[in-house]
Structures are given as C-alpha cells and as structure tokens.
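Written below as structure tokens is the structure these notes are about.
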Amino acid sequence: MASSLSSEFFNVSVPAEYVAVIEINRPKKLNSFTHEMFTDLGAIFKNLSSDPEVRAIILTAAGERAFTAGLDITAASQGALSGEGQKGPVEKDTARKAWDLRRHIKDLQEGVNYIESCEKPVICVMHGISYGAAVDISTCCDVRICSKDTIFSVREVAIGLAADLGTLTRLGHTGVPMSWIKDVCLTARDFSAQEAMTMGFVSGVYDSKAAALDRAMVLAKDIAAASPVAVQSTKAVINYSRDHTVADGLDYVAVWNAAMLQTQDVKDALFSKKEKRVPKFAKL
Amino acid sequence: MASSLSSEFFNVSVPAEYVAVIEINRPKKLNSFTHEMFTDLGAIFKNLSSDPEVRAIILTAAGERAFTAGLDITAASQGALSGEGQKGPVEKDTARKAWDLRRHIKDLQEGVNYIESCEKPVICVMHGISYGAAVDISTCCDVRICSKDTIFSVREVAIGLAADLGTLTRLGHTGVPMSWIKDVCLTARDFSAQEAMTMGFVSGVYDSKAAALDRAMVLAKDIAAASPVAVQSTKAVINYSRDHTVADGLDYVAVWNAAMLQTQDVKDALFSKKEKRVPKFAKL
Amino acid sequence: MASSLSSEFFNVSVPAEYVAVIEINRPKKLNSFTHEMFTDLGAIFKNLSSDPEVRAIILTAAGERAFTAGLDITAASQGALSGEGQKGPVEKDTARKAWDLRRHIKDLQEGVNYIESCEKPVICVMHGISYGAAVDISTCCDVRICSKDTIFSVREVAIGLAADLGTLTRLGHTGVPMSWIKDVCLTARDFSAQEAMTMGFVSGVYDSKAAALDRAMVLAKDIAAASPVAVQSTKAVINYSRDHTVADGLDYVAVWNAAMLQTQDVKDALFSKKEKRVPKFAKL
Amino acid sequence: MASSLSSEFFNVSVPAEYVAVIEINRPKKLNSFTHEMFTDLGAIFKNLSSDPEVRAIILTAAGERAFTAGLDITAASQGALSGEGQKGPVEKDTARKAWDLRRHIKDLQEGVNYIESCEKPVICVMHGISYGAAVDISTCCDVRICSKDTIFSVREVAIGLAADLGTLTRLGHTGVPMSWIKDVCLTARDFSAQEAMTMGFVSGVYDSKAAALDRAMVLAKDIAAASPVAVQSTKAVINYSRDHTVADGLDYVAVWNAAMLQTQDVKDALFSKKEKRVPKFAKL
Amino acid sequence: MASSLSSEFFNVSVPAEYVAVIEINRPKKLNSFTHEMFTDLGAIFKNLSSDPEVRAIILTAAGERAFTAGLDITAASQGALSGEGQKGPVEKDTARKAWDLRRHIKDLQEGVNYIESCEKPVICVMHGISYGAAVDISTCCDVRICSKDTIFSVREVAIGLAADLGTLTRLGHTGVPMSWIKDVCLTARDFSAQEAMTMGFVSGVYDSKAAALDRAMVLAKDIAAASPVAVQSTKAVINYSRDHTVADGLDYVAVWNAAMLQTQDVKDALFSKKEKRVPKFAKL
Amino acid sequence: MASSLSSEFFNVSVPAEYVAVIEINRPKKLNSFTHEMFTDLGAIFKNLSSDPEVRAIILTAAGERAFTAGLDITAASQGALSGEGQKGPVEKDTARKAWDLRRHIKDLQEGVNYIESCEKPVICVMHGISYGAAVDISTCCDVRICSKDTIFSVREVAIGLAADLGTLTRLGHTGVPMSWIKDVCLTARDFSAQEAMTMGFVSGVYDSKAAALDRAMVLAKDIAAASPVAVQSTKAVINYSRDHTVADGLDYVAVWNAAMLQTQDVKDALFSKKEKRVPKFAKL
C-alpha cells in the first residue's frame, strides 16, 4: 500500500481513491533536504510509478512556512560541499575528488529524476519559502500550482554554485521566457507567486496553502477518474516529445498507440458517455 | 486553380489576390472529422503548397457553432477505435492489429502534417467548439487567432486515448507553459479563448468569428503583398529551427540564403521603398 | 583593460567594479550596422569573455532615437545584398556567388555568435527603434529589458529576405509563443515594448532609457557581486541545456560541477553568510 | 497482386511464396534512370510495403551489362540539370530556380526513400556497371550483394555535381570506413566488387549475376519463412537505431515489442521447434 | 571485495591486481539466461563500476560448450514470452498487457545497460555457442575477442521476435558493416569467429578459450597498470561520443579534462617514464 | 599565395596546379607539436579553405622517422600539463584552474578543427612514428594513407590522460570497428600500417613515404581536375551527414544543391565529356 511508503521525513497517504499525497515532513527545518531525503523521495516515486492503486499524485509539504528551503546547508557543509564527504585516510587529488563529486551529483539527480519518470501525473503544490530544491523538484512535476504567499528562488548562485539537480536544465524546457529564466537564475533573487504565474512557471495561484491543496485534489480526482491508459499515455508522450523533434514524437505516439488503442477503456469511455454513466476503468 | 480543390467537406476560395481561404464545411456535424477528411484536407494543403497563385492561407470553418468538434466519434466507433476496421475474415492477433493501427495512425498524421509542411503561411481562425482535432490541426498552422466565444479542449483523454495526431507532440514546441499544457491535456477540460491568449496558444482574440476573419484577412494580405521568397523562406527557417540546435539552424539559414539572397526581390523591395511605390514580386 | 576595446562605433567602459558597458555609438545613422560593425562587436565580446576584470556586461546604444535601426541598407545595397560585393573581373556563376554569400553570412553570424558565447552574462537594454539586427543581437543576450518607447520589428521580410543572423533561429528557443513569433516575423510589423513584455521577449519595461539602464546597472552589480564561478557556470549550463535533451543537460552539469564545486567560493559564500559579511571572490 | 505492379521499365514477379523480385528493365540504356523511373520505383516499393503476400524483396536489373549506369544523362540534360525544366514563358530569377530545384530534388529523393521505408527486407543484387543511382538506391536496401564483375562508381563528381539522392548521406551510416568513402566519392573513381566486399559496402560477392541471384533467393526464402512480425520488427528497429542514440533505440524497441510480443508467432515458433515442424505464420 | 559479489550463476574473482573476472556459471544449461540472471549480472557490474580495487574486467563463461545459448527458452516460455507472467486473477486487456511487457523489457534492459555504463573497461571473451543474449551483452562490452570455435547468432527472429535487449540498437553503432548486420539479424543464421573478425565485430580470434582468456588477461593487466583516471576517462569519452555529434564530443572532453588534467597521474606517468620506473597510481 | 603561409614549423608549397602540400617541419623533434604549432597549423588550413588557387591539400611531414611523435612532452610539461601555465602571482583554486584548462583545451581543439572544416579535401600521408596528435589530426582529414613502416599509437593513456583534441570523439565516427578502437585507445599500444588498413583507419598502404606521397599526388590531381563545386559540395555534404540523421542529411543536400546545380560546371562537365576534352572549371 502507498501509505506504507511513509518514512521519517515523508508522509504518504491516499485520501481519495487512486489519489496519493506525498508530504515533505521536516517543517522544523523548513523542509530542507539532506542527501538521504532526495534518495528517499525518489524511492517513493519509483514505487508509486507502478502502483495500480494510484492514478494521480500530489506533492506538498508540512507546515505553513515553507514548501522547502532547499538543500540543508548545515548538513551539506559537512559533506559534499565542503569536500569533507570525499575525504578518506589519504588526501585525494583533484581528479579523484572530481570523480567522487560527479558520482555524488548523479546520485542526487537520480532521486529527483524518479519524480519525472513516475508514470503517474504529479501535481506539485507549493507554498511559503520555495527555494533551490523546490525548483529542482517542481520542474519534474507535471502541474505546478501554489498559494499566493509563495516566495520562490533559484538560490544556488547565492551559495557559490550552479544548480545541478535539474533547475538549470529543465527550466528552459518548461515553456517560460528565457530572459526571465536568466534573470532569476543569475541573480538568485526572490520572485513571487504572481510573477511565477505571469511567466507561466506555475499554472495556478490560490489564496492559501489549503485552497491550493483543494484545487490540486479536484484536479487529481478528475485525472484519477479518467482512463489510466489514456492519462499515463498522455504524460509519457508529452514528456518524450519535449526532448525530441516533432517527426520523432509523431512516430513514437503511433507506435505507442498501436498497442494502447486496443484497450477496453476506449469502448468503456464511449459507451458510458452514450449511456451517461461514470465509467470504471480497470487497473493499470 | 485553388478553388477547384473544393470538395464535399471543404470549400476553397481565393477572395483576394494570392490569399486562399479553406473552410471546413460540415457544420451539421459540428465540422467533425472522418478519416477521409484528414486525407482530403492534407491533399488541399499539399496542392496549395506549390501553387504560385497562393501566398497566404486562412483556415476557417463553416457555421457559428464550431470550428470542429474533433474526431467524428460515430464514424470512428465503427472503424479504428473499435477495432472493426481491422477485422477481416480471420481474427488477427494483437501484433497484427497493432501493425494495422500504426499504419492507420501514420496515415491520419500524414494528412495533418501537410498543413505544417505547406510552404505558404497558414493562419488558423477558430471559433465556438474547438475540440480534439482542432488542436491537432491548429498547432500545425503558423498563426492561431480566435473569436472570444471559442471553447477549446484537448478532448482525447475523455474518450480513453492519448491524442496521436500531433497535439501532444507539437504543443510542447509552441512556446506555451508546460505546466498548463499538462493541466489541459491530462484533464481534457475546456479552456476559453482568453485563457488560450494568456498562455500564448493563440496570438489574438476577437469579438466574433467575423471580426477574427477580418483580422486574418488583413494579416494574409500583408503577407501576400511581401516578397514570397522572403516570406516562405522565413517560415521554412523558423520551422527548421524549432527542431534543431541553434548551431544547426544558423548553418541552415546560411545555406538557404546563399541562393535566396540572389533574388530580384531584394532589389525590388529596396528600390520601391526608395521610390515609395508598392513592389510587385514575381510568382513563386 | 576593457575600455581599451572602444572603437569608432563602440564605446566600452567600466562604470562599476566588474561591470562593463558596451555602447553602440553611431547615433546619426540610428546605430545601424555595417558588416564591419558586426565583426567589431564580436571582437569586443570575445575579449570580454575571458577578461577577469569583467563579471557582467550591459549592451546599450547611444542617442535617444534608436537602439539600432538594423542593417545599414545603404552600405548593404552596395555590397552583399546587391551582389556587388561578389563581383570580380569575371562574372561568377550562380553556384560561386552562392558560395561567396554563404561565407559572407557565416562571417556575420560569427560576430553575432560571440555575444552568445561570451562567458559573462549580458544584459541588453533597448530603446527607441529596435529593428532587424536589434532582434538578432538581443536574442544572443541573457536578459533583455527595454524602455517603454521601444519599437521592435523583425524587419527583414520588408526588404525581401529572411533574417539570417539568428533571429529566426533563436526566437523559437527563447520561450515565447510560436504563434506570435510567426505573426511578427512573417509580417515584419512593429511591436511595442508592452507587447514584447506580455509575450516574454523582454523581462522588464521601464519608463525611459535612463530608467532601464539604471535597472540594468542594479542587475549587473548584483551579478558582479556573486561568485563568478557560480554565475558563469549557471549561464554555461542554461545555454547548453537549451540545445540538448534533459538527460544530456543533467549529465553535463554533473561533469561541469565535478570541478566547479571544488571552488573556494562555496566556502566563502557560506561563511560570509554565516558571518553576515559581503564575500570577496577571486577573479575568474 | 505484386506482379500487377510491373510497368514499362520495371518487372515485378513473385517467383516463390512471399518473395517478390523487382527487375529494373531498361537494358538497352544500361538501365539508366529517368526522373519518372525514380517515382515509379518508389511507387512499387510503397505498394509492396503493405502487401501481406510479400515478406522479402529482391532488387535486380535486366541484362548482363549493368545494374544501372545511373542517371540518364541525355534526359537529365534536357531537364533539371540544364535548367530547361525550370524554364517557363518568363525567365525566373536565381531564387525561384533554386526553389524549383529543391522541390525537384526532394521529389526524386522521395522515390528513393520508399525503398528504405519499405517495411519488408530488401536484398539488392548488383552486377556489371553500377554507377551513381546504383549507390543511391542500394544504400536504401537492407542487404547488398553482387557478382564479381560489378564495377561501382559514385559518379556524380564526374558530371559536375554532388550526389543528392542519398549516397553522400547514407554511405557514412553503413558502417564502412570514412577514409574510403571520401576517396571514392571525391574522385568518382571505379571500384571493384572485391574492394566493395573488403570495405563492407557489400556483404557477398558471387561468381556471376546468376549465382548472386541464387544466393539472394536463398536468403529471401529464409527470411520469408520466418515470422513476419519478427522480421519486419527487426528491420524497423535497426533502421530506427541508426538515426538515434542507444538510449532512444532501447526505449523504442521496448515500446514496439510491448505490442509485438503479444503475437501468436512466438508461440508458433517455439512449439514448432519443439515439435520439429515448420511453422506457418499468419499474414502481416 | 569483488569476489563477494559471486552468486549462484556468476563467479567473480580477482586473479590479478585490479583485474576482476566475471564468469557466467550455468554450464549445464549452456549458460542460458533467466530474467533474474540479467538483473544479477547488472548488479555485479554496477558494484564493480565504483570499486576502487578494480580497473579492468573480463567477462567469460564456464564450460567448453557455450558462452551463452541466450535466453532460457524454457523459463521464458512460462513467463513473459507466453504472457503467463502477465496473468493475474483477472485477464488484462491488450493495453495493460503491453504496459506490463514494456516495463518487463525495460527491466531486463536495465541489467544489460549496467555492463555498458560500468566505469571500468570490460573485455568480453566468447567461445562456443554465443547466441542471442551473447550479442546483447557483448555489444555492451568495450573489447570483444573470442576463440576460433565460437558460433554466433542473433537468434531472436528464429523464435518469433525482434531482439529487444540491445543487439538491434547497439550493433549499428559498433562500426561494422550495416549490410552484414541486416544479413545476420534478419536470418538468425550462425556466423563464425572468422566472419566476426573480418566484419570487425570481434577484434581478436584465438585458438582456444584458454588462449583467448590469456590474451584478455594480458590486455586487462596492461589497462590495470595504466592511470585509472586516463583509462576510465577514455572509456567515458568514447562512449559519450558515440551518441553525440563531433562538436558535442569535443566540448564534453574539454569540460571533462578540465578536472581530470589536474590529476597527479600525469606527473607520475611523465616522471616514471623519465626515470624508467613503473608508476603506481592512486586508487579511483 | 599559399606558399606564403609557410612558417617556422610548416612548409606550404603548390607543386601542381590547385594542389597544396603542407609539410610539418620539425624533424629533429620528430615533428612533435607545441601549443603554438596547433594554432599555426589551424591558421594555414583556415587560409587555404577559401583560397581559390587550391582545390586539394596534402598533409605530410618532414624527415623519414616520424609523421609526428605527438605532443611535445617537454614543452607541455612546463605548461598546461603541469599546471605551470595556469600559475599566476596568486595560486588559483581548483575551479579556476579548471576554467583555464577548459579554455586551453578548446583553444588547441580550435586549431585542429580548422583541418576538418577546411572546404578543400585533405589527404593525410603518414609515415614512421605517428603518435597521439597524429591521430587527432588525421581523423580530421578526408583521406588517410600511409607508408608500410608507419607505427600508430593513441598515446595519451600512457602519459596519464584521455586524448582531448579529437581522437576519442572522431574515431568512433570514421567507420572503423568500435572493439578495435577501444583496444588501441585503452592500451595506448602501437599498431601497424597493415592493422590500420585492415581496420579501415587508413585506406591505402604504400611501400615508402615517397610512394605514399606519389599516390597522394595522383589523388590530389584527380580531385583538383574535377569541378570544385562538385568536389567541395561532396565534402561538405558527407561531413554534415556524419553528424545528422539521414532525413536531415537529405534535406540539407536538397537545399545545398538548389544553388549548386545552377553552376556552369555541370554543363562544362557534360559537354567536355561529349566532346572528349578536358573541362576547365572556374575558380571557387
């Protein structure tokens, strides 16, 4: 069961049929992330990806102050960022430290990537402080909405580094203006929910965290009520198309649908429409 | 002549010099599309693509209620969607049905692709119900405008399938926010002309279908009055660049213009400007 | 020193620590560009790219009337555009003229490309007439802002040619709506600062050229005050990611940061934050 | 029926179950190609591609002297190559001539491309003079074999042009040494069957045309006896993989086989193997 | 320790400093692979990839008869290939079976991919029957050699399916002739060690399995004696370059070596050369 | 004139009409390369690229002992490789050293790249010791031949680094077997002219340096006698196609030839053939 995936810093629940909610749960530390938390979050998404009881996922965070303040600087200062994590009995040379760092970054990226590769749609609901990792993580989600008090920041430049968990890579592929992306990434400045909405980074701003979660729940239920073959195919094809030419994308969806159109769901959807009843789709 | 391309469900006319108008003409069925109509529409665009009498094309639809309600579900239910189209005397196995379906999808895609590959600029004017195929088709056009009463929907999830004629592939390459794309594609919800404008899906909203058509005509005439070498080269290079890296795009336009700058049109444009007269460009 | 890069048509100054300002300086000709000016501008950016005294660059133009009116038509008419530049004692055949033209275009592109490949962030501040080359050049910059009196135009179609210095290639990769790009490129029509802001082409509009420059200076100083390793890595990774898949982008930033995280800047940034002092970063 | 596809210059026959043979039949002109012949040959392959009675195709040519001497120079001299084909009542400018030529080349390419996109495997059997178009055409085929008297040449440079029907594009993707490709393409020199074999351009050399055809027939029958789902999937996946990264290729074959492994053919192949009988596979 | 990775069907040993040998150990079943074995083999390579005690890996197989006969047909017949593995209490529809199959294939691919992504060079030593999975696996290795009695076959077509674990995808990227690849893949025919050598599939053929292993050991020791930074960087860059353009590959190696040239190994290699002693490189 | 490009370490001569010969001329140091020499060689190729008096280029080296022994280790040890070149008054941190190294590598690469981007065909004639840079450089040339005494080696691993001037990137795109590439690159072992021929790395082996040069001269004269439009277009299209899909390559050559087929050379070639005289082509 999805809820059994809960761990120290993440609550996983299923408040409605086929809808899972993941709550980042480290509010005293503003939900900041340690290395392990990226791995844990990835593991949850990897599991939900093939869980037939789940058809839509909401990602939120505990407390009123922050979705996440980003990387846990204190923890990171004692680890990779300071180079301490790389130290052994013998001081390594630069190349070997670099080798360790590359592996370390890829390790963290792997956790974050599982959010994007999760076969089920993911709705990210942000509020309050949403710094650094908040952007890395939310750009992996399908739909981004937030409360009006949200303060975003691509924080990394302020601590002397370029964001390497996905922000700089994925932002340019989310259909938001590049001039604005450069502005916020190069300056590490705060930007508001409203600005995020105007630029298209989020597609909805709500009065409060609760209101945003309500909206996410409506959205998630709508998605969960539809054919899972249709929904998950739609996500798969949009994501594939982002990274490929139009010609490649068209060919891919033709091969994909060659199997998927043989689903019972099309008939169920068409008939139930005709008969004005709600269709029940088999698990996927 | 362009107007000779008219057929049962499509009117083709040339209301102004060098401007062709294609009208989808099945208003009683809300201009919904059968398989054959995709092929027919493709054939019209393929023809206009090399017609020297045409320099700009407007795509519109008959009646006040709909640009198109999308796929003709009744027809499709008796064909590919139900698998009936694939039935022969012997029941085919899953792989063979899949093979037929892939060919069938590619066939439909081919019709739609001719809109995009048409060498002349295409302005799509939408109104009323603009569902499913309306998005597949309009994302192939160069400029999208609509009347304020337009209701859009990426409808496919509602009938149990992922859109496979281009919507999911092309939307992510039209410069609109990805979070919003996922929202409307995963839920199959309606969205208004105003929302389409805010998100950048259309670049103009007008008070009525007539007003939108008027604007399209002005736009088309402007385009038709310019050098066809310049206009059609501009379309070709923008489309090429969408699917390639910047380095590739720059190289391509250099090779392209190596021939095109040798046109008489540059001189004609420069001289007529100096002499304050309207240039007449040779056919292309 | 950066200021020694000044030439007939470009002033280069360093009005604040680490901030260089390049001013296009041919106001009597509306700052229009000759072939040589593209080369000269490229050379300035190439130089600043590796100048450790520079961490942010502002590109502006002299006079109140124009950022640039684009290509100097008079000069071009006597050169490449008329084919005169290609004439030798013997009339060349079409293929040989094409060969010369391709080299000529690539030569001009090379100048413009140096703006994009400059390792330091570039803020483009436009005002007044901003035609043709203004778009080619500004799409190479990282952040685009302007005064409210700015009038933009992708002018090339009006003189019988397709833009070949980058506009048609880069615009589709700046996260602005494709329907709007086609509209302005195919018609060569003027568009205002406000329209440019709504569409996301610029990320800020200010009351006057002076106000826009003030804002640019604040932005540039903020960038110049941050770790140059972080800032320049951020630019490099965003630019790389624009032209690559997400998977490629993630791998690239991991390899990149394997060296860059070994910088002293991370420690300096973290410590100075803790100690609430302004960090001083070593040159890059 | 396949044999009904025969035309003036092409014989199509079905000498064995599921094996079609296409013979280029213009021996008096050394099987040289006119514009129309490329189109006709393409049409034949397009038809066979979806013909359930065909599972393997052999491409050969009539007479003992030549597979093909390439483009019919006499015909071409009166058409595209001389520019005559582009002439109308008014002399066109260079850009417009270029526009016509690009369309013309793409038209010819389209015919040749149908050979490559044919879903059935194609074995090309060459003999004697195999110049120009022989290489364009045979690089589209899956397997290339020849008789020992075959003389190849990438002839185009000798008549003042770069090959534009596929040779220069496809040769570098056939796994033969690039240094050798440049040698033969830049010099237009003849090369023998033996050299073609050593370099890997052909995968078999036989004593005579008849012997080569015998070998092709054995090969074709072997292919025709296997599961058509397996065979045609294998061709599709190898061709896709040639133009994509390994990661893309692996993903594609996984989506492809998701439907194809549900074929009856796997069970038939396994059982008949166990029972030591020859499996009969359903049509595709 | 590497040897602790040994499992039921795989022996892992370290017969020489820094050289690991993996032996496929299911000789009674001709070393055929079950689903679990792909996963297990992947896990071993994933572990060795970051094991500082290992600098070169040899992959071989127990017994004299076979490197591997490929997929364990008996096991597969009861699982995925027959669809039994996909059966639950309720019969799934075609789309859902396809979904399961895609996941299943990707799962198997993941195991195989770990061989390719292993940071240490892998030498594959084949002998006897080397069918199906033998080609999938060996195309992931860096160097392929074999004994002269080796019989290869891309077997999949013979059992009614297209190879989906990598053969069809990777073969075309190994620099062997495409005509030959199509020949062996479409017919599923056997090919000899000598043919594999002539075509470039293997780069060495030896008199016996023992002789091939001896050669592999010499090669592995040579590699293990060199700088691990140099060796593993070389592998990484060649693999990256296979899937990218030359321009991308050059940029990547420049970023890569920016860190790697700061290794102590360059100095150690240069000095020990000058002093004619064997360098000892630090672990990686 | 081409010969005026001669410099301290490079002789440039024009021994036959339209044929330039570049001789690496530092025989006492086995023609090993300093940083400056890469830049100088690049400059020569950049100049010849647009020199209308040159249609084919031969690259050879002075003395009997070596084509080149590769990087001048002594010089490099005092520069980049030791980090000395990066030292200033203040010790730089790792990130800044990496930044300098990346720039340095890209600088060297730029020189080498000019060989590949040279519009004229380049024949590389190697002899004797051909180590390291010999492979970097020759993989940029179009045709590679050598004398039978040539000893090749991808030397870099032996001095503790991965080759970063092109070898590891380009080798995999030269149509030679990947297993062999890995073998020679990972071990840095010597390989003979004969092995290079068998594997396809060179396309000709001759008895002596003189014999190889004779053959190169015949080849160069043949190329120089052909239409320069045809020859240089052929090189351009093959090189473009190497880095692009087949679909992209076909489109590119169609755009390219749209101008190039309008050359006088086609008519000259056809007529002179008919009239059995040697055509004289205009300069390019």
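Quick notes on this structure:
Think of it as A, B, C, D, E and F in the order they're written, each chain with its own count starting at 1.
One rule holds for everything that comes next: a contact is a pair of C-beta atoms (placed from the backbone, for glycine too) under 8 Å apart; a residue touches a chain by one contact, two chains touch by 3 or more.
Quantities reported herein were computed from a predicted structural model and do not represent experimental measurements.
Listed candidates were E-F, A-E or A-D; the one reproducing the B-C interface, defined as more than half of contact pairs identical by residue number, is E-F.
Bringing chain E onto chain F by least-squares fit of CA atoms involves turning it by 120°, to the nearest 5. With centres set at the average Cα position, the gap from chain A to chain F is 48 Å. Our note on geometry: chain A versus chain B, Cα centroid distance of 33 Å, whole angstroms. Across the assembly, chain C contributes 94, 97-99, 173, 175-176, 200, 229, 242, 244, 247, 252, 255-256, 258-263, 265 as residues in contact with two or more other chains. Taken together, the chain A residues at the contact with chain D in this complex read 244, 248, 252, 255-256, 258-259, 262.
Within the complex formed with chain B, the chain C residues making contact are 73, 77, 80-83, 94, 97-99, 101-102, 105-106, 109, 113, 116, 156-164, 166, 168-173, 175-183, 185-189, 199-200, 242-244.
Chain contact summary for the complex, chain C toward chain A: residues 121, 142-145, 173-176, 200-204, 219, 222-223, 226-227, 229-231, 233-238, 241-242, 245-247, 249-263, 265-270, 273, 279, 281. Contact residues on chain B toward chain D in their complex (touch as defined above): 50, 90, 92-96, 98-99, 103, 229, 259-265, 282-284.
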